[in-house]
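Worksheet: one structure, shown below.
Labels run A, B and C following the written order; every chain starts at residue 1.
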Amino acid sequence: MKRLLLVVLALLGFAAPALAQRELTIVAGGGRLQEHMRATLFRGFTQQTGIPLRDASYDYNVGPIRAMVQANNVTWDVVMVEAPDLIRGCEDGIFERIDWSVVGRDKFLPDGATTCGAGAIGWGVAVFRDLNRNPTGPSNWREFWDVQRFPGRRALRRGARMTMEMALMGDGVVASEVYRVLATPEGQRRAFAALDRIRPHLQFWTGGQQPLELVNAGEVAFAAGYTGRVATAITNGAKLDLNWDTLLFAYDYWAVVRGTPHRAEAMRLVDFITSTGPLRALAELWPINPVTAAVANDATIRERYPLMLSRHQDRGLHIDTEFWLDQGPDLEQRFAAWLNR
Amino acid sequence: MPRTRAALTAWDERGLPPEAAFAALAEESGAALQDRRIGALAQRLNFEQSGLRALLLRTARAQDRLAAPYAESLPALDACWGDPETWRLLRRAGGPTTSLYLLRALDLTRTAEGEVRRVPPDQALFRTLFLRTLWVSLLVTAACVLLGWPVAACIAALRPPWSSITLLLVLVPFWSSVLVRSTAWFALLQREGPVNDLLLFLGAIESPLQLIGTRFAVLLSTVHILLPVAILPMVGVMARLDRRHLHAAASLGAGPWLRFRRVWLPLSLPGVLAGAAMTFLLAVGFYITPALLGGERDQLVAWFIAQYLTREVNWGMAAALSAYLLAMAGAVAALLRALTGNTPAGTRA
Amino acid sequence: MPGMRPSPLLLLMTALVLAFLSLPMLAALWLSFSPTEVLHFPPRGFSLRWYADFFESERWLLATRNSLLVGGATMVVATLLGTAAAIGLHLGEFRGRAVLLGLLTLPMVTPFIVTAASMFFAFSLIGLAGTLPGLVLGHTVVAVPFVLVSVLASLSTFDGAMLRAAASLGAAPWLAFRRVLLPRIWPGVAAGAVFAFATSLDEFVITLFLAGPGQFTLPRQMYANVREYMTPTILSAASLLFLLSVLLLLVTEALRRR
């Protein structure tokens, strides 16, 4: 029995750091980007304010954040979230409203500032191909759907969001009309019919690295992949062509988790990591896709990163968050049904 | 929204609800938006019919601009409020219980008249999914029993210390984690991975095969993972068998095949059924292995439960799918119990 | 059949199946010493760099810490509960024992995903989801049956009359438990405890649902990495976990022989 007690005590000692007063915590998507964020944004905040800051990463699954708020056991303060999760979490009271008297609101691009979110980074999906294997390729979604002119397998993300838009554009709908058409039952049928047409040539990926692996291995001729990753590959010497006319993009946001004991510091943190100085420093290290006007329009940064998303944003389709909140559950299930048919 | 609910409960679903319901909705939706309680109801309504979330939020945001009589100002804001169907759905969503998720999880839906009907074929998903789960689990169970039977028989027949050593070779994989073994298969089956290397080296194939993302990969690794689960109960029963039966059969002149068929097989049957039951019960709940090694058409019910729980935050669907999965597992367990007159767990130790 | 010599055909089939059972893990173990990032078989050379990578990575170490912490706590709680339940079931004479035993071993025969989802719902209601204590309780639920079965097996030869004899000699219940019962059943208790620890260490689905967003255990960290980018570091983590399970297995086997 005594030995058992010792074990318990040892374990408690092990756990002690976790029970101690929690530091301000920020959570992002991990990877190289977060390492650079740590070096510029997060350390910069601590240097300027003296507030200690810890960072962690997660997989963008918001279910656990919800549970954390309901359990009143908030261990994260600032989280990077996707737009639909942000809006839903905002309506459900999972995230605090951003205090726009602390966080400057004017610095953001349109849609960069919402009730509960301050724009973090932009991300996009566009068609790319291996230039050695395929010197020519589709230059828009219509041509992507043209399997006669551009034969070969194609890879898209597994999921309705983005794929439905692509299908309609492949069927000839212009970008500005996509969401109006997709909101109607006929439009949805049309999108699925378009997918049906090229189904034998389609392959679906789940992880962000997969489309690059598929194209590199010659498994598919063309793939829609995250522009950031493709751009990095190109910068590292890969002979890839990234087609900006097929761009679909959206923003990720910084949100403050509701019920955090560090609310005031969290707002200051959000303001700091969206301000021009730190973001410029981050852009020196990593080709980010800024959501603030000053950094997006900065001449030296634009010069430096020809593959920066914000340089090509005007050619792309902004993914409609509200549309996907309304139609998403239904369309995702029908997409899954279509996939499994 | 208690007042709206009360007003709608009093309503008989014929025609439009009374002004009190309109007024309560107009006021309470605005308050719910302010207090940020509106999300759950909005999501619940939207699951009944896409677009209702937007309608509710638009109404809540327009609260300041709405004025009595609300039975006129609400339909003026959006024609949907002039449709009794919208109110019927709202009334249903306000109820304490709903059969919606249980129906949807079987590809069924309730019409405005309350009639249960199949969803249109382009939305049907879950029947396929349950059938696939059943089929994959049965295949895996059959393979595990067929492959496991000789091993169990061999362990039971060997003398110590060989029996213990062989048993240990079964116990080692049994003890190592499902995720570790799925990961191992993931590494082995990669396009530029060892299995393809080996096949190329042997000249069996000319270019690497796509193995990950196929049903074959899922079946292969699931069988590998569950094989010890099938073997151990069989060993438990076979090791306890009374060998005098066999000797008696042999002394009565029965040949090996006859001995196997008439004595060994019936006597080891309880172990076989217990092993099959354990294997099946674990297989129906498999999540990681198909998620890692399967393609889009290889996911089982478990994948969708996880998806609804962690990603889409639709707990109703997750719960409904879990309930049916449990029922399916329970039915098979009960069937096997009836066949053996024994609980699978009881024969395990 | 005990004592019957297996036929050569049976031996051959057994050997093939056992090879199928063992080879993938052995191959993965070997591959974890690969010097290159792309996995060739056989590996061209030998290197410990992926193990170094593992032990230098903050994420992997944090996940290891979490795993050991949750596993240790689960072991303690599950062993206490499972042992108490086993003693009660063995010594107590009351109606519904069989039902109770069935209920307690139910998690063994419930599809894991269902157990995990139900726990997520229940724990969300009472605010335990997303907390480490919640995770420990979740693992305890699936670990208790193993302790129970193991302790029940060691109790099968124990006669309750011995406890009554001790009591009649004036021993308090606690003293009787410690001096009379525990010495007889401790190998079963210890084996159950090891099994509980191993169960928690391997558990993935419950962790996926119940762990807080930042609470990565080794399996969860492995899963996140495999899906994103397969590196040999994951194989080194898998190999370490595998070797640990083999070690735990050998411990229980040793205990069983006592």
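In this text, contacts are C-beta pairs under 8 Å (C-beta built on N, C-alpha and C of every residue); 3 or more make two chains touch, one makes a residue touch a chain.
Predicted model only: the values in this text are computed from it and were never measured.
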item	value
Top chain pair, ranked by how many C-beta pairs fall in contact	B-C
Farthest-lying chain, centroid of Cα atoms versus that of subunit C	A
Separation of subunit B from subunit C, taking each centre as the mean of its C-alpha atoms, in whole Å	23
Distance between chain centroids, defined by C-alpha means - subunit A, subunit B (Å)	29
Computed distance of Cα centres, subunit C from subunit A, in Å	37
Contacts with 2+ other chains: residues of subunit A	61, 63-64
Subunit B residues counted as touching two or more neighbouring chains	192, 309-310
Multi-partner residues of subunit C (at least 2 other chains)	120, 209, 227
Residues on subunit C engaged by subunit A in the complex (per definition of touch)	59, 65, 68-69, 72-73, 76, 120, 123-124, 127-132, 134, 178, 209, 211-214, 224, 227-229
Touching residues (chain side subunit B, partner subunit A) in the complex	33, 35-40, 42-43, 46-47, 50-51, 53-54, 57, 122-125, 128-129, 132, 191-192, 210, 295-297, 299, 304, 309-314
For the subunit A and subunit C complex, residues of the former touching the latter	1, 4, 7-8, 11, 14-15, 18, 25, 27, 56-59, 61, 63-65, 67-68, 70-73, 75-76, 206-209
Sites on subunit B touched by subunit C in the complex	147-148, 150-151, 153-159, 166, 168-173, 175-181, 183-188, 190, 192-194, 197-198, 224, 227-228, 238-239, 241, 243, 246, 256, 264, 277-278, 281-282, 284-288, 291-292, 301-302, 305-306, 309-310, 315, 318-319, 322, 325-326, 329, 333, 343-345, 348-349
In the complex with subunit B, residue positions of subunit C that touch it	1-7, 10-11, 13-14, 17-18, 20-22, 24-25, 27-28, 31, 38-41, 102, 105, 108-114, 117-118, 120-121, 145, 149, 152-153, 198, 201-202, 204-205, 208-209, 219, 222-223, 226-227, 230, 234-235, 238, 241-242, 245-246, 248-249, 253
